[in-house]
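After this come two complexes, each holding chain A, first together with chain B and then together with chain C.
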Partner chain A sequence: MIDKLVMYLAYPFVRYALIVGVLVSLCSSLLGVTLVLRRYSFIGDGLSHVAFGTMAIATVLRLSNNMILVLPVTILGAILILKAGSRTRMQGDAILAVISVSALALGYLIMNVFAVSANISGDVCATLFGSTSILTLGQSEVWMCMGLSVVVIAVFIFMYNRLFSVTFDSDFAKATGQKPERYNMLIAILIAIVITLGMNLVGSLLITALVIFPALASMRLFGSFKAVTVSSVILSVVCAFAGMVLSIMIGTPVGSTIVAADLVMFLICCCIGGLRRGGR
Partner chain B sequence: MTLISVRDLAIGYGQTPVASGISFDVEEGDFLCIVGENGSGKTTLMKTMLGLMEPLSGGITFPGGMKGSEIGYLGQQTQIQKDFPASVYEIVISGRLNKCAGRPFYGKEDKDAAARSMELTGITDLRNRCYRNLSGGQQQRVLLSRALCASSKLLLLDEPVSGLDPDATAEMYRIVKELNDSGVAVVMITHDVDASLKIARTVLCMGDVVRLMTVAEYLQQTGGQGK
Partner chain C sequence: MKKTVLVLIAVLALLMLAACSEKSGTVKGVTTTSTAKSVDSTLEDRTRVMDSSVVYGIYEPPTRSTIEPEIDLTKMSGPLVYSVVYNMMKDPERFNGKIIKMGGAFDSVLGDDGIRRYACIVKDAAACCAQGIEFKMKDDLKYPDDYPGQYQDFAVIGTFVVYTSEKDNYTYCYLDNAEYI
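Now for the complex of A and B:
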C-alpha cells in the first residue's frame, strides 16, 4: 500500500495534483465559514454553473489555459449575482436561478454544437465532476493556482476582523464606519477565484461541497469564530488529501471521492456535536 | 457639548415619509427615550441617525466634533446572530473596529477597551463562552458591551429589553443607568414606557406630531400613566 503511494508520488503530476488539491480545499474552507453564516451558500452553486458555461466556451475556443477566460467571467458573474441579490431577496433568488441554469444549458449546448472532440459526454462529465483533469495540470497552472491561493489567504487574514464584524452584524459594522458592500464584493470575488480553481479538482457541480461541508461540520464542534475557521481549514485539507490519496490508490474519480470524504467527516462531526449536547 | 443635532428631519423608505419635522439635540450625558406606536418610525429614526439610511430631508450634524462612526449601537437581533458561532470576546472587541482605520489587527489598547467594557456590563466571566448558548439577557449584555466598546460618548439602543424576562430587564436597565450616570449619553427606543421613564430625562414622542418633552411633561400629559 505504502509502496504504491511512494511510487505514485514520484510522478510530478501526482505531486502537482496534491498541491493544488490542498490549496483549493484550504481556500474554499476559509471562505465557507462566512458564506454559510451569511446564508450565501447558494452563491457558490450559482457561480459554479457560470464557471461551467465559460469552461465550455473556453474548450470550444481551444484555449490552452482556460483559467484566463473562466476567472474573469466568473468574477463578473459573482458581481452580477451580488448586485441583483442585494435589491430584494426574492428577486435575487430568481435572478440567481436564471443565471445558473442558463449558464449550464448554454454551456452544454455550445459543447455539443461546436464539438471539438469525439467524446462530448466525456468532456462534459469531466467539467462537471472534475474527473482526471487534475492529473493533467501543467506546471504553469500549478503556479497560477499557488499564486491565487496566496492572494485569497492573505486577503482573508488581513480582513479577518472586519469580515467577522460584517458577517455577524452588517448594520453595526456599517454604523461604525465599515463598508459592508465593499466586503460583500470582496467575498464574491474571492469565492469566484476559489470556484475557478476548484473546477479542476472536483468539477463545477461538486465545488459547493468543498465550501460548505467543512464550515458546517466545524460549527457543530466549536463555539468561536476563530476556532470554527481554523477547524474547517484543517478538516477540509485532511479530507481533500485523504480523498485524493484514496482515489489514486483505488482508482475512483477524484472529485467525488473528496466530496464523499467531506460528507463522512460532516456526519461524524454531527454525531460528536449531538453527543456533546446530549451529555450536558 | 451637543453630541448630535437633528434638525427638521424627515425619515422613511423611498419617497413616502414615515415621520417628519423631527428636531432635537442630544447633549453629553443625556438620556433620551423614544416612544411611539409600532410603525411610527422609531427604528427608522435610529437607523437614519446612524447613517444606515438616508434622510429624506433635513439634516443630522455632530456639532461637538464627534464622528458618525463613533456611536455605539445595539440593534434588534437578527436571524443570523441567533446561531452564530462566536465567543463573547470576539463580538465585544469587534466594536473597536472604528478605531482601527488602516490597521488589520487589534492592538493592546483595543484589548484593554474590550476588557473594560465587559467589566462595566458584567460579562467578564462569560468572555470565552459561545454567544449562541447564552440566555437572552446575557446576549443583550454582550451586544451592549460591544456598543460601549465602539463609543464611550453616545449609545443608541433599539429596544434593549425586548423579549427579556423581568430579572434580565431590570439588570439591563440597571447597567444602562449606571453607564448614563458615568457620563455616557443614551438614546433608547422602548415599549416598556413605565420602567424606562424612571431612568430617562427627556422623551421623544413619535406619532403624527413628533414632540420632545421632559419626563415630567410627558407623565402629566398622559395622566401619570405610561401610555
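Now for the complex of A and C:
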C-alpha cells in the first residue's frame, strides 16, 4: 500500500492535487466558521452554481483558462447576492434561490446548445462532482491556486479582529465606527475566490460541504471562536488529504470521497460532543 | 376524512408510477424493461455492445509480451489511470519514448482516409469521462480476427510516440510496436 502511494507521488499531477487540495480546504474552513455563524451557509451553494454557469460560458467561448471569466463573475455574483438581499422587496434567501437555479439551468442549457465536446454529460458531471478535475491541474493553475490561497489566508489573518466583531455583533461594530457592510463584502469576495478554487477539488454541488462541515464539527467540540477556527482548519485539511489519498488508492471519485470523509468526521465530533455534554 | 382521501390518492399515484413497465426480458445477463418493441430492440443492441466483456470475457491473446513497462497503468486505480492518460494527451512530450502498459476497452474506427485505427479506452472512477490512446500493433495482424471484440477489455504494451502531422500540423500520439499482454 505504501509502495503504491510512493509510486503515485512520483507523478507531478498527484503532488499538485495534494497541494491544491490542502490549500483549498484550509481556505474554505477559515471562512466556513464565519459563514455558519452568520447563517450564510448556503451562499456557497448559490455561488458555486453561478460559477458553474460562468464556466459553461467560458467553455463555449473556448477560453484557454476558465478562471479569467469565472473568478470575476463569481465575485460579482457574491456582491449582487449580498446587496440585492438588503435593497429589494425579495428576501435574501429567495434572491439566492433565483440566482442559483437560474445559473445552473442556463449553464447546462448553454453547454448543450453550443456543445464544444463530444461528451457533454461527462464534462458536466466532472464539473458538478469533481471526479478527477483535481488530478488534471497544470503547473500554472497550481501557481494561481497557491497565490489566491495566500491572499485569502493573509486577509483573514490581518482582518481577524474585525471579522470577529462583525460576525458576532455587527451593530456594536457599527457603533464603534467600523463599517460592517464593507467587511460583509470582503467576506463575500473571499468566499467567491474559495468557491472558484474549490470547484476543481469537489465540484460545484459539493463545495458547500467543504465550507460548512469542518466548522460545524468544530463547534461540537469547542466554544471559543479562535478554538473553533483552528480546529476547523485542522479537521478540514486532514479530511481533504485523507479523502484524496483514499480516492486515489481505492479508485473512487475524489470530490465525493472528501465529502464522505468530512461527514464521518462531523458525525464523530457530534458523538464526542454529545458524550462530553452528557458527562457533565 | 380529507386526510384519508389524500393518503389514498398518494398511494394510487405511487402504484401508477411503479406499474409503468409491461414487458421485461433478460438480454445476455442484463434485464431490460420496455413498453414497445422498437425500444426493446434498441436496448438489446446497446446492451450487447456495452456488455461485450460479459459476452466474450476478457480478451485472451494467443501470445503475451514479456517486456517490462516504465509506466504500468494496469496497477493503478481508476482516477489515476484516467489522470495519467489525460496528462499524456495534455503534455505528451513528457511521456515520449516511454514504454506504457495499459488496459481498457478496445475500440476500432475506420477513418475517412480508409485506414482503420485502434484504441484502448479508459474511464474515470465515475465512468462519466473517457480517454483513449491509439495503438499500432508490432506484428501485422488482421482485423477483426486477431483483435479483441468491440469494447472488450484487454491489455496492451507499447512505446509512446509523439509526432506532428504534416497535413494539419497537429500533434498526435500513439503506442508504437504494441503487443498484447
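Details
Everything below uses one rule, namely that the second predicted complex is superposed on the first by the 276 of 280 C-alpha atoms of A that agree within 3 Å, B and C clash if a C-alpha of one lies under 4 Å from a C-alpha of the other, contacts with A are read in each partner's own complex, and residues count from 1 in each chain.
The rule is short, and it goes like this: contacts are C-beta pairs under 8 Å (C-beta built on N, C-alpha and C of every residue); 3 or more make two chains touch, one makes a residue touch a chain.
Being a predicted model, the structure only gives us computed values, none of them experimental.
In the model built by aligning both structures on chain A, chain B fits alongside chain C without clashing. By the touch criterion defined above, A:Gly138 lies against chain C but remains apart from chain B after alignment on the C-alpha atoms of chain A. Contact with chain B, but none with chain C, is seen for A:Asn161 once the two complexes are overlaid on the shared chain.
With both structures placed on the common chain, the touch criterion links A:Pro253 to chain C but leaves chain B unconnected.
By the touch criterion defined above, A:Phe129 lies against chain C but remains apart from chain B after alignment on the C-alpha atoms of chain A. When both complexes are overlaid on chain A, the residue A:Tyr8 reaches chain C alone and has no touch with chain B. Superposition on chain A places chain B within reach of chain C only down to 37 Å, the least C-alpha distance between them. In the three-chain superposition model, chain A touches chain B and chain C at no common residue. For chain A in complex with chain B, the touching residues are 37-39, 157-162, 164-165, 167-169, 171-178, 218-219, 222-228. Looking at the complex, you find that chain A touches chain C at residues 4, 8, 11, 13-14, 119, 121-123, 125-126, 129, 131-132, 135-136, 138, 247-254. Contact residues on chain B toward chain A in their complex (touch as defined above): 47, 50-52, 67-71, 73, 75, 78, 80-81, 84-87, 90-91, 94-95, 97-98, 100-101, 104-106, 128-133, 146-147, 150. By the touch rule above, chain C contacts chain A in their complex via residues 75-80, 82-84, 86-87, 90-91, 124-126, 128-130.
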